[in-house]
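One chain, chain A, links the two complexes that follow: it is found with chain B in the first and with chain C in the second.
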Partner chain A sequence: MSAPSIKGGGVASYPRLRKVKRDDRITGFLMVSPAVVFTLAMIIFPIGYAVFLSVTKWAPGSSAIHFVGLNNFGRMLSDHVFWSSFRVTMILFVACLLIETIIGIYLGIFLSKDIPGQKVLQAVILIPSIIASVAIGMMWIQILDPTLGFANYLLSVVGLKPLAWLANPDTVLQSLIIIDVWQWSPFMALIITGGMRTLPSEPFEAAVIDGASKWQIFRFVTLPLLRPVVMVAVLLRSVDLVRFFDTVYIMTQGGPNNASMTLNVYSYLQGFNYMDMSYGSAIMLFLLLLVMLISLVITKLRGRTS
Partner chain B sequence: MQSKRHYIGAYVQYAILAFAFLGPVLWMVSSSFKNNVDITAYPPVFLFKPTLKNYLNLFRVYPFAKYILNSFIIAGFSTILGLLMGVPAAYAIARFRLNSLAFLTLLARMAPGVLFLIPWYIISTGLHLSGNDFTDYSSLILAHCVVTMPLIVWLMISYFESVPIDIEESAVIDGCSRLGLFFRISLPLSLPGLAVSMVLSFIFSWNYFLFALALANNSTMPLTVIAFNFIGEGSADWGGLMAASTIISLPALILTIFAQKLLIKGLTTGAVKG
Partner chain C sequence: MNSATRRVISVTSAITVMMLLIVLISGCSQATQGSAGGTQSKKLSETITVLAEKHPWTTAIQPYIPEFEKQTGIKVNLNILSEQQQRAKSLMTLQAKSPDIDVFMSLKSLEGLAYEKAGFYESLDKYIKDPTLTPADYKINDFMKGPYDGERIEGKLVGIPIIVEGPVIFYRKDLFAEYNIPIPKTLNDLVAAAKTVEQKSNGHVYGIALRGLPPAVCYDFGPFFHNMGLEWLDKNGSLNFDKPGAVTAINTYCTLAAKYGPPGAVNNNFYQDSSLFAQGKVAMELDSSNELASIIDPSNSKVIGKIGVFAIPAGPGGNHPTVLQWGISMSAYSQHKDAAWKFIRWATSPEMQLKLALKGIASPRASTWDNAKFKASLKSTVKKEWAKTLEFILKNGNPEVGPPAVKEAEVRQVIGNNIDQVILGSETPQAAANKIQQQAMEVIK
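Our next item is the complex of A and B:
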């Protein structure tokens, strides 16, 4: 690091005239514009359209528009399936995120150590995260099958009673959490291993020289340095978890008895099975607000470190 | 001596992790080579005479090659488009501290897919866009860019932020333009990030299930949707199901094993570390 560094970064730090800085800003603007235009057309506009749908009564094939005000939102308040979907969504979000972050940090640090065979293991455990959720769903339907599944065979080997897994309202959420943790912890680990490799070695050497214990190094050196990377992983994972859809829709479609119905699945069923696109949109807007709130909290936590 | 004992502990963990994470996948793959008697046997059989019958049936009964091609078209083009839009945007966001724009792109990753799906569905049926293969593929590819582009932006921001500003500063002093900084300095130094973004975005798009579920027709349907339809048919054909899910998993497996080397090599070749 021999270059005389001007700290702070950004445009202001370059030793250039104001005009050049303005040209620089135009270049920056041009660089973001394709992404911005795409976002406006494919994301912002549809969200606006969904807001419009949520205050109207939409019927397939009809072009007549009936404004119904906030009826669709009022209906949510008295819809017990909506409330149970909300509960299920939050349970899955909190449980999966917590377990996946802990396993992700453990795996991420473990995999960044130079132990022979580490690259092979990294590839192997990444496999659940990179396989399509449809394949995940199909393989676990077979494994968790109450009569011939491998899971119940394992239970019988260790002398436990067989479970109905996905077919029982009392065990369906636990089954989905197990599958999600199995599927996504390695993804968290991949991001965290990547972060571990970019960490400077000096703080670790200094900590060793100062006689810090393994736990102290982890708690006071590794974890704070890793925090930005962990927060990115947490943010990416939270955003997907609140919108829990694929494995539920593939394996249970919200059943049995709505016990695994998430908000995302419920609104899809409302929109595309019962063709009530207006009510579906209203539920989705609620879910969007929920996701934004959670992301905002995490982004604030992330910003605090820099 | 110390390190040897250390390794034994690590290898015990290796074995547990490999069993836990790979076991279910191996079970799926092995089941896809079982005949009907072996696959429904209880207790499960581990040794059996393998058969290719399940795979041959897929290609004989369904146009499975067509579904494979569809998945490639959708995932490939949405990755390319996502990189073209996302990488320059990520650079500008990282260097100009455009945090509000970062939030805008994040909105795409935060919003639940059904929220877009309902308006897209109404608009595309209203404009009679469906029915033509070109428009059907295009709308699926654009829809999948909602998955790929924000992912690429968010991964690339942190890679660009890790390129030391010192290097860019010396280049500016040497008269390098902003685009020159991007193409000659930051992008080459972020190649590992580009590889990670490309691989993850292709895989996410290949795996993405929801949009095609509602938007694809019989001739543009990707593997994920046809496989889901197999479950829906409620057939007791476990072998066929497992063969289909193995085929869906195969390209992603090959790609990640290949990209794993690239990824590790890229990440260890640090830029300014010295």
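Our next item is the complex of A and C:
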């Protein structure tokens, strides 16, 4: 910013200087105020309110503010459904992220090649990621129906025994992972394709001249160059995965017998179905911390690579 | 940048912010004016907000609302949301004591006790008793006992029923005839019928589809429990799952689901049940009477013309089907209570309920079922059997879908989860009964 031009000098000009400075400050405040207001209203207030709810008793009709301290957090410790939800959330997070990253890199590199019909292929592959999750849930309910579903028909065609998919506590998580991978790998691929296209061609040419094999090129040239892009994709996907909600809620509501209950679904059930907003908020805050922690770890990893 | 430009920028921004503030403030004051309602403008244009669920009743009554607006001059702002969203919105609005809702659809069997204890419902007793507010032609005594009692919580009338339903059994007449199965008279007959179907069809057709999705189980399971002669709670408010009948009820229900039901019954709700039945994969479907519409829908049913309906058969303790009614209630925080009552009265009047019944909405009023026009509208045998079964439910029904509790949804989840454990084979009926007794009592107390 250029220095303010002040005419004259000495004592007489001081008030004017001060006025300009004040104007400057006001302008500054006014300029940032929309962002501040937005942050306060949309981020700080809801989080603050959740913290408030989590230390008070919120039940229908309770008007007086009744502080319960850390009771809701204490309740988490002894709540076995909470811990199993935590476990399920982490299993889904790790498994989906790993598979989606691998498939995403593979698909991303594939899509970045100039092959005929590449544009059409890219658009078609991306369809699962742009359909509303509720519609996806409804569609997969039909595909995975043990009696009427297409999945079991396929199994029967190749001579395998039918599965109960979402209705069996032992297979429900695998089924959810399949659906999530189907839905979100293309999204990872899209980011990675974008990254691939920005890579310089010199290192690849050099590697070819040096006689590197295809695997060596991938392992020692492509992957290291792609790493920052992959980390961005991983970060974006992680935040969503920890908050796993929509497809689970539509398809199993956490069942059978809590085998697919994620923290987000459990918090929703507590808050809106069981009308215990306080406990629901406490679980949400735990989830928020978890998301922040995971983002922090990934950001740290990202910083190290660049 | 010189100071003049700077001044212009700061003055412009200040003016913009001021204008924004003015708009905001004037917006607020307009809102208060509107809700406080000057006596002058009140009669001219009063607006009430009706919060409704996306439900067959709402779809059926919506086209008639302009008639009401014309008759009374009251404008109706109909706000339609899906079931979960509607419940979340009513809970949040009422908890904030906001006057934003005047009339709302409410499922008394689920949230009734919690809402009543919270003081969300306006008592309708005084409106019903006052002849200036409720003329005699409203015929309050015309409402059937089950649904009307269901709208009464701890003695207080908190809503008026609009539609009734209950679990019934849809069955395949052709298969029953082919395998020589009589209509089941007892719960044991029902199990035997399901078994016969599976055996004689060599497992090609499953015996019965019923609900297994935890929060939805109580609706189907309730009659099994009541037909053992058990209420959900005893006189001291303690659960009755420690009685021997409870184990028999769980055993019967889970045998049907696990042995003679389709695989994966634990995730099934009305949607899956009706799909299975409509596709001819099961011989019986135990589900809501409302499902008739989807199983006789030519676009997705393969069994049209082969369907019959009967009530869930009796057990050793008699026959006590579940009756579920939806009702409309008035918010205790409404600022347009008279207008809200006018709307409720209009929507639940004998004439309107007949009109809706002709569109397939099961009426809670006895006069509708006796009406010649309504009877004539039931042309097919399946509709006649359906109406007969529903009438039986209405007359004998128990309005408690699950054990009445402030945290009813959580109690139902506990029952559903444990019944699913038995269906999955990881718990015995006795162990499930013990666990329900213990876990659900913790929620209730």
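Details
Just so it is clear, the second predicted complex is superposed on the first by the 268 of 306 C-alpha atoms of A that agree within 3 Å, B and C clash if a C-alpha of one lies under 4 Å from a C-alpha of the other, contacts with A are read in each partner's own complex, and residues count from 1 in each chain.
Here, a residue touches a chain if its C-beta (ideal position, glycine included) is under 8 Å from a C-beta of that chain, and two chains touch if they have at least 3 such contacts.
Note that this is a predicted model, so its numbers are computed, not measured.
Legend: residue contacts after superposition of the two complexes on their common chain; A:Ile99 is shown touching neither chain B nor chain C. By the touch criterion stated above, A:Leu155 is placed in contact with neither chain B nor chain C.
The wider contact with chain A, measured as residues touched, comes from B rather than the other of chain B and chain C.
Applying the stated contact rule after C-alpha superposition, one finds that A:Phe272 touches each of chain B and chain C. With both structures placed on the common chain, the touch criterion links A:Thr147 to chain B and to chain C. Using the contact criterion defined above for the overlaid structures, shared-chain residue A:Ala50 touches chain B, although it does not reach chain C.
Of the two partner chains placed by superposition, only chain B is touched by A:Gly280; chain C is not.
When the two structures are aligned on the shared chain, A:Ile177 is found in touch with neither chain B nor chain C. When the two complexes are overlaid on their common chain A, residue A:Thr27 makes contact with chain B and with chain C alike. Residue contacts after overlaying the shared chain place A:Val68 against neither chain B nor chain C. With the contact threshold set out at the top, residues 1, 5, 23-24, 27, 31, 58, 141, 147-148, 272 of chain A are in contact with chain B in one structure and with chain C in the other. Taken in their complex, chain A has these residues touching chain B: 1, 3, 5-6, 9-11, 13-16, 23-25, 27-29, 31-32, 34-36, 38-39, 42-47, 49-50, 53, 58, 107, 110, 113, 115-117, 119, 121-128, 130-135, 137-143, 147-148, 150, 153, 156, 182, 186, 194, 197-198, 228-229, 232, 236, 239, 243, 245-246, 249-250, 263-264, 267-268, 271-272, 277, 280-281, 284-285, 287-288, 291-292, 295, 299. Those residues of chain B that touch chain A in the complex are listed here as 7, 10-11, 13-14, 17-18, 20-22, 24-25, 27-28, 31, 40-44, 84-86, 88-89, 91-93, 95-98, 101, 103-123, 142-143, 145-146, 149, 151, 153-154, 158, 162, 165-167, 169-170, 172-173, 177-179, 182, 196, 203, 206-207, 209-210, 214, 223-224, 227-228, 230-231, 238, 241-242, 244-246, 248-249, 252-253, 255-257, 260-261, 263-264, 267-268, 270, 272, 274. Those residues of chain C whose C-beta lies close enough to touch chain A in the complex are 1-3, 6-7, 9-10, 13-14, 17, 84, 87-88, 91, 94-95, 97, 111, 114-115, 117-120, 206, 212-215, 262-268, 271-272, 275-276, 279, 281, 406-407, 409-410, 413, 417, 420-421, 424. Those residues of chain A lying in contact with chain C across their complex are 1-2, 4-5, 20, 23-24, 26-27, 30-31, 33, 58-63, 141, 145-148, 162, 164-169, 251-253, 255-258, 269, 272-276.
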